[in-house]
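Both of the next two complexes hold chain A, though its partner changes from chain B to chain C.
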Partner chain A sequence: MKHDATPENAKSVKVSAGNDRRSFMLAGLGLAGGAAAGSMGLLADAKAGSNLPPDVPIWTKSLGSGVVAHPYGQPSRYEAQVERRTVDWLTADRMASISFTPLADLKGIITPSGLVFERYHSGLPEIDPGQHRLMIHGMVKQPLLLTMDDLMRMPSVSVIRFLECPANGGMEWRGAQMTGVQFTHGMLACCEWTGVLLSTLLEEVGFSRDASWILAEGADGAHMSRSIPMEKALDDTLVVYAQNGEALRPEQGYPLRLINPGWEGNTCIKWLRRLEIGDKPWYQREETSKYTDLMPDGKAREFTFVQECNSVITSPSPEKPLKGKGKYWIEGLAWSGRGKIKHVDVSLDGGISWREAGITSIVLPRALTRFGLEFDWDGSPALLQSRAVDETGYVQPTYQQLRDVRGTNSIYHKNAIHTWNLQPGGTVANVQLS
Partner chain B sequence: MYNCPDSITDSQGRVGSVSLFKLAAAFVVLFLLTSGIVNATDRTGYYGLGTPASPEEIRGWDIDIRPDGKGLPEGQGSVEDGEFLYEQQCAECHGSFGEGVGRFPVLAGGEGTLTDSRPSKTIGSYWAHTSTLWDYIRRTMPFTAPESLTSDEVYAVTAYVLYLNDLIEDDFVLSRDNFTSIELPNNLNFIPDQRPDVANGRCMQDCKDPASIRIVSSVMPVVRAVATPVIDNRAAQAAGEKIYGQYCSLCHKSGMGGAPIVGEVSDWQDREAGGMVALKKRAIDGYTGQYGFMPPKGGFTHLTDQEIEEVVEYMVDSSQ
Partner chain C sequence: MKHDATPENAKSVKVSAGNDRRSFMLAGLGLAGGAAAGSMGLLADAKAGSNLPPDVPIWTKSLGSGVVAHPYGQPSRYEAQVERRTVDWLTADRMASISFTPLADLKGIITPSGLVFERYHSGLPEIDPGQHRLMIHGMVKQPLLLTMDDLMRMPSVSVIRFLECPANGGMEWRGAQMTGVQFTHGMLACCEWTGVLLSTLLEEVGFSRDASWILAEGADGAHMSRSIPMEKALDDTLVVYAQNGEALRPEQGYPLRLINPGWEGNTCIKWLRRLEIGDKPWYQREETSKYTDLMPDGKAREFTFVQECNSVITSPSPEKPLKGKGKYWIEGLAWSGRGKIKHVDVSLDGGISWREAGITSIVLPRALTRFGLEFDWDGSPALLQSRAVDETGYVQPTYQQLRDVRGTNSIYHKNAIHTWNLQPGGTVANVQLS
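Moving on, here comes the complex of A and B:
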């Protein structure tokens, strides 16, 4: 990382400036700035308020760094705590593991590409796009190999859709366990995705009208694979090469991935290399051993694709405690794999009474939707909850309702109303209520 | 120039006018073929993009097996051969009896636990199809070397995992012909999605009896010190640490497969005596030592030599 104003910078200013007197003054300024920036913490402690009115802040009195100091920009260094995190005890190693999106620090509905949660099964492959191929074969007239260039020449579509791992929140089936919203709900992101409709590719290869399933497979060591029903593929599945306006990030499947809007993130195969058209599901490991929902009677549901309506308050949250009485903005996210969000209600008393929150973002189907509500905190404890309703009329359920039907061993698809316990000091704890 | 029958000249040495036309046409076709603008095969697609995938190209990538056996290659493997392979290539993570080492998956046992409060979901107790096991092992196991087993080896090791689950006898030889005869016990217990399966209402007032509300479980937040930004001039060391955590810790944290444990001084003393250069070289090239097999670059060959050198520095520094 580069210093904004170092003595070295100051020297170069001196050399490049023609007028001696002027360059001397510039150099002086630069030096002062450099010394101060280097020990900013110290200065701030020693002389509190030196960057606050009536004093003029150090950054206002010095020359900043020039263009292309960071050819590919990066967040302010004061945002360093906003990052993906993992929970080591969840998995045996980091190659078949997960990290979480820092939801509490995000605004609006778009997740910056570098903060989208990661999920790998054989680590992160680094793929040369020039040597990447998408193979489409099986029940088709013409099996094809497509290059990235070929795909870019086809009609392109962009949509904003959420992406959620079906295990999001799965650690909480038996009781509150995670320390913050990053870990209770952070297997979640929402991006603009750009690519080609899978239906376009299916027409191109001349798929058989007797075909009913498609196997999608990745080019990573896991050869990650899932069976996708033809109905979905022809509806809105996308073969995607870009995310939030630039090429996919490696973590998100560079150079090519599948997006099945509103469905289990696991079906959105990353590093997509192969699509096989067939007439039966393949029963891959990821649709039998995993991603099936075990019920209390020992039966297990299979192909539970849709991510049902869900919501969470991101502030206040364990990561965003309150600092004294007064007015605050409660905000959070709601989403549904079945369509648009219709309402979000917020309770401050653990679900006895509810108030409708405002929707503060654009409302798109199968996308994150932001809600907000004014809150005048009198300093007393509160039990904060949010409850979303989607356009099908489905109302986000309680833990009790889910457990009555599914028990506590189904791992996936936990979309229960979540509770934060706001304590008198402003601390927020993750709790579950009877 | 071209060995094309249409370009034969007549006895006077002239090229006939019709032949000339055909010659030109032949050139155009040849040009289009070699330049890839049209393909020899009939194309069905509207966009005409991409190239036809040949049966041979498809064979190299088409690795999936269906429950009805579609996709299974020729071949066979015995429980006995499987035991040997399993001990060599699987047991370090999954345990000699499939019991799972540490947090690595359990592969055997757990029958009758699906309705327990802590079910054990294994191939014998939970999985639905034998084909899934064959498919998955070929697809991605052993973990550090996906697609490294031959078809016969996959048959053998699949047979051994089935044997560990008491599903076949120890003299069984698994092959494409008898494959579909083996059914997994939990096969019939999978049911379709039944959601939406709950119906909450949108109550706004007096939705609960206040006296009924109790906090039944609670987790306090972790107080994270707000990071004061530091200018990072230990970039190389940090890079070493990061790569270690991402890749090498898989074996070097626990000592898996005989790897020297990072942080255990005694595991490294003798090794360091040989000098850093030799140590780095063996990490890059891989070797079989007294304790086990260190794959070239730990199996992550996309790492550069320099990255490996940085990690080795980090590993040795952390084991003083």
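Moving on, here comes the complex of A and C:
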């Protein structure tokens, strides 16, 4: 083999030709005049019908564009299908709605900021950071009114944590069986968040010893607000101005938001403008009429903050069908609002037998964790499931276990084991096993 | 204080009014009719000259835009100044040039993909992933020609690692004293990378026991190529298709690149199309005429792969001047191609005395690490430096220490302690101390 051999000089190979990884291999890489395979079609266009090897592609024979053609870069145009999507029947209009993260196309644990799911209660406000203020008041010695510049001068920390709407999977709970992991689990993201610990700000204002709750309020038209217990505020709550290294995105609360690691996404108030320190919860609209859990006895649980241990297989999935028999990489995400993921099991037979998956990313508390497992598919139908266990020993429940406690009236906090029905042709359907 | 108190009902506060963090505080937050402060000017426009408090901003009184107005989100228009920039005198044209990461505006350790520095040798190619192939051949039992789909079916891993051009700081070495941390240190980024371990692919092709080097070659017009020792390839080299959760960006090698964690950025071949297994290095153009280090005796070091331990203060910096006396947060980045950062010291007096900075991010091997330190500025001039130590005990050198070994002919591998000259007015200049 000479040094100047190039892929263009070689015969192409069929993508999924057999049931063994060796099927990737070519018998030889010589320059023999085999027909250019179909997958090299565009390259072979100029020689349609000939037996010559495909042309060297244009990008290898030309100069590309220069630096800073794009001072702020964008994805390749070949990735245009990877985008947030919504479901219009879910809410009355798009200003009080949600869009979903395209989980099937994502890798690792970081969610790119442009693809983080959206949730608005009165639409996306466009805030001038020079005019934005954060007021901290109530049961304090000295109220504060802070500019963004003030906040930037204070000690900061950066953490990688997941963010999940408590309604994630809520349609499944009612049996809707959405098509695609983008819709079954896509109210979910994981970013690096940078900001000032709320405990640092609370020290600054000198809160009363009798204070036990904090109201957080947004600057959006809905004045979206939630009551946060002081214990959480003093633990790990962050007042955040940066996401994945740069300023928060508008959809994520620019210029300022709260992050309560591991807790319901809607406690993580976006466009944060006010923190009031008090001694009881405020019972705002979004913690009474919504974001409570109707139990079988007709009573509603309130302030169910923690997002329980959960997991899902992102590939195969309805968006990622299999292309014939052979070796594949089953992968997915696991997370827990209680801490680190300890291990993840995968079942191919709907939960009868389990194999431990490998963890293929860093494992951080209250962060997404990536798992994977090799799978040699013989073309038979299979029921794919994942089951996560967190460091507290909590095991992700089955639907039956969840319904035994919670009944069927809930919308929020659905973390049951999810099932993908892999069909003989390679398509993947959403099914619900008890 | 009533629950309906809002920031708009309160007097504004001057951004940087004093020399104590207590200067953030207001004497009171009542509704007294004080003049709206200048910093709330836009809000007060409608009441110019009046003594009334500023209006509630329009975004708090209106509906914003609905979900998926942007299926792929973008930064706020107020962040438009945060962008990659180039220096046109650096190279003959923009197709063989570099742009720089805007480090002063970044937080945490993740670099957003749209702001990662660029380095092209023949411009940015635009590659169709359906046509792209990776050929692995040479001293192997069975050569392979892989499609992107083939690679996606193989076991994958995700790691957060820095990427640095070995020329980072090269202009400083020659005494250019670039204005701004974007230009002194901005050939630097840190992302989560996902792909297949090169060792997995090497197992697949069954490489010869005599093989000791691998040539990696890009599909760009320059066919950019470097020789990689087998030891690294079997250790942690990754064949990467995803960056920060999504497909690689075009500027970063879409659809496929190499990542050699902790090594010279230009060994991390972008648009990777070919891996040849051999028993000696190839001595390609970019490892002979370039990317070697001319020593004082006139000989050139070759294959100096590891990016040494380094650090820089990102704020204050020329881009982030101080606004009067008072408390500030000094922050910056440290990294080492040899492993984890162990600690970072900061000096305010040009290296005479040192204080240990806090580490404010996760600490990962061969990743950027964020440090910070409180600083109560009395308005005096100061010489700000940071000095990093990695887990091997290696201490970042002074310019004098570096030149004692390396002379002054080098371009690459400049990791000397950097100095910012903080001037009485708060501006920050780049100075070089021995």
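To be clear about the criterion, the second predicted complex is superposed on the first by the 378 of 434 C-alpha atoms of A that agree within 3 Å, B and C clash if a C-alpha of one lies under 4 Å from a C-alpha of the other, contacts with A are read in each partner's own complex, and residues count from 1 in each chain.
The rule is short, and it goes like this: a contact is a pair of C-beta atoms (placed from the backbone, for glycine too) under 8 Å apart; a residue touches a chain by one contact, two chains touch by 3 or more.
This is a predicted model, so every value here is computed, not measured.
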| item | value |
| --- | --- |
| Partner chain in contact with A:Gly372 - chain B first, chain C second, else both or neither | second |
| Contacts of A:His137 with chain B and chain C, given as first, second, both or neither | both |
| Partner chain(s) touched by A:Asp150 [first = chain B, second = chain C, both, neither] | both |
| First (chain B), second (chain C), both or neither touched by A:Arg274 | both |
| Which of chain B and chain C A:Arg94 touches, first, second, both or neither | both |
| Partner chain in contact with A:Ser122 - chain B first, chain C second, else both or neither | both |
| Touching partner for A:Gly73 - first (chain B), second (chain C), both, neither | second |
| Which of chain B and chain C A:Leu215 touches, first, second, both or neither | both |
| Common interface positions of chain A, toward chain B and toward chain C | 1, 3, 77-78, 93-95, 122-123, 126, 135, 137, 142-147, 150, 153-154, 204, 215, 221, 223, 273-274, 276, 282 |
| Complex interface listing, chain B residues touching chain A | 41-47, 49-53, 57-58, 61-68, 93, 102-105, 114-115, 117, 119, 121, 123, 126-129, 131-132, 135-136, 139-140, 143, 146-147, 189-208, 210, 212-222, 224, 226-229, 231-232, 245-247, 249-250, 300, 302 |
| Complex contact set, residues of chain A against chain B | 1, 3, 41, 77-78, 80-81, 89, 91-96, 121-123, 126, 135-137, 141-147, 150, 153-154, 175-180, 203-206, 215, 217, 221-223, 225, 273-274, 276, 278, 280, 282-285, 288-289, 292, 294-306, 308, 318-319, 321, 343, 345, 349-355, 383, 387, 389, 394-398, 401-402, 404-406, 408-409, 413, 421, 427-434 |
